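Below are structures written as structure tokens.
Two complexes, one shared chain (chain A), two partners (chain B, chain C).
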Partner chain A sequence: MFEIFGIPSQALFGQLLLGLINGSFYALLSLGLAVIFGMLNIINFAHGAQYMMGAFAAYLLLQHLGIGYWEALVVAPIMIGATGVLIERLLLQHLRKLDPLYGLLLTFGLALVIEGLFRNYYGSSGLPYQVPEALQGGSNLGFMFLPNYRAWVIVLSLAVCFATWFAIERTRLGSYLRAATENPVLVRAFGINVPRMVTLTYGFGVGLAALAGVMAAPIYNVSPQMGSDLIIVVFAVVVIGGMGSIMGAILTGFALGVVEGLTKVFYPEASNTVIFVIMAIVLLIRPAGLFGRGA
Partner chain B sequence: MTLTGRLVFAVAALVCAVASAQAQDDVVVKIGVLSDMSSLYSDIGGAGSVAAAKLAVEDFNPAAHGMKVEVISADHQNKPDVGASIARQWYDVDHVDVIVDVPTSSVGLAVNEVTREKNKVFLVSGAASSDLTGPKCSPNTIHWTYDTWMLANGTGKALVKTGGDTWFFITADYAFGQALERDTSAVVVANGGKVLGSVRHPLNNSDFSSFLLQAQTSKAKIIGLANAGGDTVNAIKQGSEFGITAGGQHFAGLLVFVNDVQALGLKTAQGLVLTETWYWDMTEANRAFTKRWQVARPGKFPSMVPAGVYSSVIHYLKAVAALKSSSDGRAVIAKMKEMPTEDPLFGKGSIRADGRKIHDAFLFEVKKPEESKYPGDDYKLRATIPAAEAFRPLKDGNCPLVGG
Partner chain C sequence: MERVLDPSVLPRRRDEGWSLGVAFAVMVAFFVVGPFVLYPVFLMKALCFALFACAFNLLIGYVGLISFGHALFFGWASYLTAYSAKTWGLPPEVAIGVGTATAAMLGVVAGGLAIRRQGIYFAMITLALSQMMYFFALQAKFTGGEDGIQGIPRGRLFGVFNLSNEMTMYVFVLVVVLAGFLLIYRIINSPFGEVLKAIRENEQRAVSLGYNTERYKLVAFVLSATLAGLAGSLNCLVFQLASLTDVHWTMSGDVVLMTLLGGLGTVFGPVVGAFLVIGMQNYLAPFGQWVLVIQGAIFVACVLLFRRGIVGEIARLLRVQL
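And now, the complex of A and B:
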């Protein structure tokens, strides 16, 4: 076994892989944010709360309706996505002509309200949720023990990220969406219902957050504050990747997961600040973010 | 003025006079419950501590002692500056006589200083740092329920004695985590064990896999978790996923509350060894208290923290009743130390010169899912640590109040 900077290579490979796993959560969450920002020009601060709602939905479905993990992967994002549609229709829609700052304030307020409600009903300690039967256990890779569930998280996250990128950048529907962002009036003139498309896009972005929440339920503590712990990091990821850039959000998500993982080996105390240091540097050198299309 | 008019006036004057005499006779006490009401420790203390303080007042029956007692509460948000400024406001403006609970050691230490300066009373239940009865001890403070030394001594000693002689710590990087790691390392080494290493994580960390991997590579038999609340829950949950327990290593949750066990679920938490000074299902009196407490907190179970709030408030009110005054904080504390303690939840006990309340501690093991018969049936008793051994010996604390 050889060493790199005094750290056994075995440990280093393990940490790299773990970084990728965490990165897949960052990627999935920042993807939803990027989609919403790119298409609606709204900075969705309620994203963390919606991620938390996804995890709670998984728990409640299991507890009250006996619906397990696999079904919850589909049902929970649809349910929470539907609440997103409602929020867009009832609230966000009216802010479209205003400065994006208003959307930010509104969604930030919503996040606080949602978290407060959940804390009131379910307390702050959290709720139990088990890893599904089929994915329990794991395999020894030689340099680390990889739980099956974590492997599944990487695979699913990559698949969802790729599918979303493909749908937006490479399909006809995606081209309508992108066109509607550029010039909604013209697109409407072609007979396309732009407001409905925007509403559904927000619902989809929220659904992505909820999906990440369901995926997180078996490994993280399902508690009302789980989203607010994560959302700030995810915002940093989006800023580094470039606001609104789909590919940027995905790649940066994975890359920063790895950077954070490495920090945990060399200097664990800094692991929660390293992302912000990178953000500061990137903003100094490339204000539009690594993959941004210019400010 | 007519006759009736004069009569009414006279009666009214009489009533006023009686009422004011009554007010002068009554000792008025204001209890402030300062806790985490909205964040990670709010299930441990929070509204549950407020409910416990109210029950204590009810059971004490102030009217029978010619006293009037009011309970108020506030949220310190786990921030020492917020906690200290609420304490000042309460003491200076709102005429609060005593502050109780205060989880989060950093906030507890701040309130400790304000209380000393204002000569009021501070009854700690939620905060853990053993420094509160060590170098930072105060003639205005009593540390009631538990502390880091007691946790380390209970869980640490028991595990080393049953073969867990090599340790690796995963520690929350702030005052409490560091104190807990320090106290536990000392116990491990003193009992012939060895500490192989440790890693410090930021407070409120969600992903522990990287730290767990380091703990796994260390090959230590025991992974000591010197953290609390959501951090402990996340570490244990992810540890079971990474096959830590299946691989023969064991977790030692150095501060685990019944609420954390429920957040983990028995399937994940089973076999975990932990130390507490009170468990809701241990005695008939505890169960009766829990039932009354659940009126305010439906579906939840009290940890040792609200129980300690109850017990400390009862004893405080007894001391005030004996002195017939709550104005001199130091005198009340001196009286509390002089009187033996007794209440339905903690039984008989005493308070030492350094402000440490002394009672038994219990080593529990979390039940297997099939052993749990009803909701909240989570622990089985492994050992009772007698009061005399449960807490740090008086002479070892470096408390300036203890004459050497």
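And now, the complex of A and C:
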């Protein structure tokens, strides 16, 4: 045990780790929002609800079908992503020619419906979800105790974020996607099925949210309102980072998680609000956001 | 791109305004008869939310700015009114003034920040700022945290009218709400209001005509925040309670729903929407979380099926202005 700035190292690194964990979720969720926004020009208000659905999917798969964490990590995002595809086909598709505010209103309504349904059936108390056996326990690093599961969440989230970045910025499919974001009409003229791409993009973004939900299930309890408060913080993260850049969304997410963790150590009263305060400061200094391009 | 508003439901010429007069007369008649048929407390709550929704509509309906954080002004005005009436023992008219002034100041700060970005970002910023102040209300001592401020005395208005009498309180609420309603109507039909509509239609063009659109947007935001605060102040005196519910984001969602359901950018839409939503919450309360599901479904239905809202659709069918 040693001290840094009068704070025991255990507490400092413990909160830093918690910050990185929160940052992992901020990054995954704001990444999904940015991908969806790029293609559909919609802010997906239901993102928090879909994150919650991911966690519930993992919980229900285990309870009713005995399907464990590792399978859920793949199955739940696909299931919830499929509901996203349906939502895009049935509802969002009709908003394409409208002001983007309507997309916000519609997805807000969806979020209420989803949260209300889950509260109805599962109440508002949290349901526990076990850490998978292989990741139980932890290791003592000397300056702090590192639970294995938490380390895994950070690593997996980093991997998924960078895989997404790579897919969008460095592959052929990603280049179609970026082109369709810039000019969908022209890309369509080249014979690429843009509407299908839009649908799959929404499904993918929703799947990312659900993946974050599965990862969160063993850390936080599974509860119907786990998404709604988180998504508001993620909105602030998105305002700070700007949605123009995939890498920007990832970096901002992790960085703000860490800042939040540090605030818990040095000034705990402000830990809930620090991200919003940073948002206000960024708006004053750099209104377009740290990585934004206008608007 | 279809704008948030369809110009066909907007005011056109002065001589078409007769429908507004008729509708206003019907509305006032309803409010006068109302307390003899329905519970006065229910009506007062609906009236407060009608003013809240009208204030919100000023921003989305006439400037095209969607705020998802109006609970900030409603709730904080409510806290300050409650605190000054209970702890400082101020008379109700002064307590309401304190609450409303607080909302105005918060409006200057929040509006100043939010208008730096447009469209969807504007919505996210207002939501985030209101969430920040929600946490502040949760942690601050004077707000009473989870308990809120309870047992607020209604007091005597101007030292004369005893507001603990339900009917006196009702008349007071009605007069204030109608005054707010007429003020908003006056604002949107003033030269200032015309500039706001111009900004909504085409901000770049308004700039090129020499208008400082940022300033107009800020003034509109502060007006909207102030009136939302007035509604919150009244509401807390009606229930003699200021609580976290008033500052929570669900409250911001409620007011968006009221306005959308009634009709964005219509004069009477927010009033109708407020009565419908409050009525629904009241009568469906035994069904618990289904209220949330139904509200969400109404959002979806409004956006997909009738974007003009109830009053907007009626106005279009009758080819009048409402």
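One rule holds in what follows: the second predicted complex is superposed on the first by the 283 of 295 C-alpha atoms of A that agree within 3 Å, B and C clash if a C-alpha of one lies under 4 Å from a C-alpha of the other, contacts with A are read in each partner's own complex, and residues count from 1 in each chain.
Methods note: a residue touches a chain if its C-beta (ideal position, glycine included) is under 8 Å from a C-beta of that chain, and two chains touch if they have at least 3 such contacts.
For clarity, every value in this text was computed on a predicted model and none was experimentally measured.
Colleague: What is the contact status of A:Leu117 with respect to chain B (first) and chain C (second): first, second, both, or neither?
Modeller: Only chain C is touched by A:Leu117; chain B is not.
Colleague: One more residue to check, A:Leu95. First (chain B), second (chain C), both or neither?
Modeller: second
Colleague: Quick one: is A:Ile21 in contact with chain B, with chain C, with both, or with neither? Answer first, second, both or neither.
Modeller: first
Colleague: Contact-wise, after the overlay, does A:Ala11 reach chain B, chain C, both or neither (first, second, both, neither)?
Modeller: A:Ala11: touches chain B, not chain C.
Colleague: Scan A:Ser125 for contacts with chain B and chain C and give back first, second, both or neither.
Modeller: A:Ser125: touches chain B, not chain C.
Colleague: Please work out whether A:Asn272 is in contact with chain B alone, chain C alone, both, or neither, and reply first, second, both or neither.
Modeller: In the superposition, A:Asn272 contacts both chain B and chain C.
Colleague: After lining up the shared chain so the two structures overlap, which partner does A:Asn221 touch, if you call chain B first and chain C second: first, second, both or neither?
Modeller: So A:Asn221 only meets chain B here.
Colleague: Would you please give the residues of chain A that touch chain B in one complex and also touch chain C in the other complex?
Modeller: On chain A, the overlap between the chain B and chain C contacts is residues 116, 119, 229, 269, 272.
Colleague: Applying the document's contact rule, which stretches of chain B touch chain A when the two form their complex?
Modeller: 38-44, 46, 173, 199-202, 204-207, 209-211, 213-214, 216-217, 229-230, 233-234, 237-238, 241-243, 247, 257, 259-260, 262-265, 267-268, 300
Colleague: State the interface residues of chain A toward chain B in the complex, per the touch definition above.
Modeller: Chain A reaches chain B through residues 8, 10-11, 14-15, 18-19, 21-22, 116, 119, 123-131, 137-138, 144-145, 147, 149-150, 218-223, 225-226, 229-230, 261, 264-265, 268-269, 271-272.
Colleague: Which bits of chain C are touching chain A when the two form their complex?
Modeller: 1-4, 66, 68, 113-114, 116-121, 123-125, 127-129, 131-132, 135-136, 138-139, 249, 253, 256, 260, 288-300, 302-304, 307
Colleague: Using the touch rule from the top, collect the residues of chain A that touch chain C in their complex.
Modeller: Listed in rising order, the residues are 37, 43, 91, 94-95, 97-102, 104-106, 108-117, 119-120, 228-229, 232-233, 235-236, 238-239, 269, 272-273, 276-277, 279-280, 283-284, 287-288, 295.
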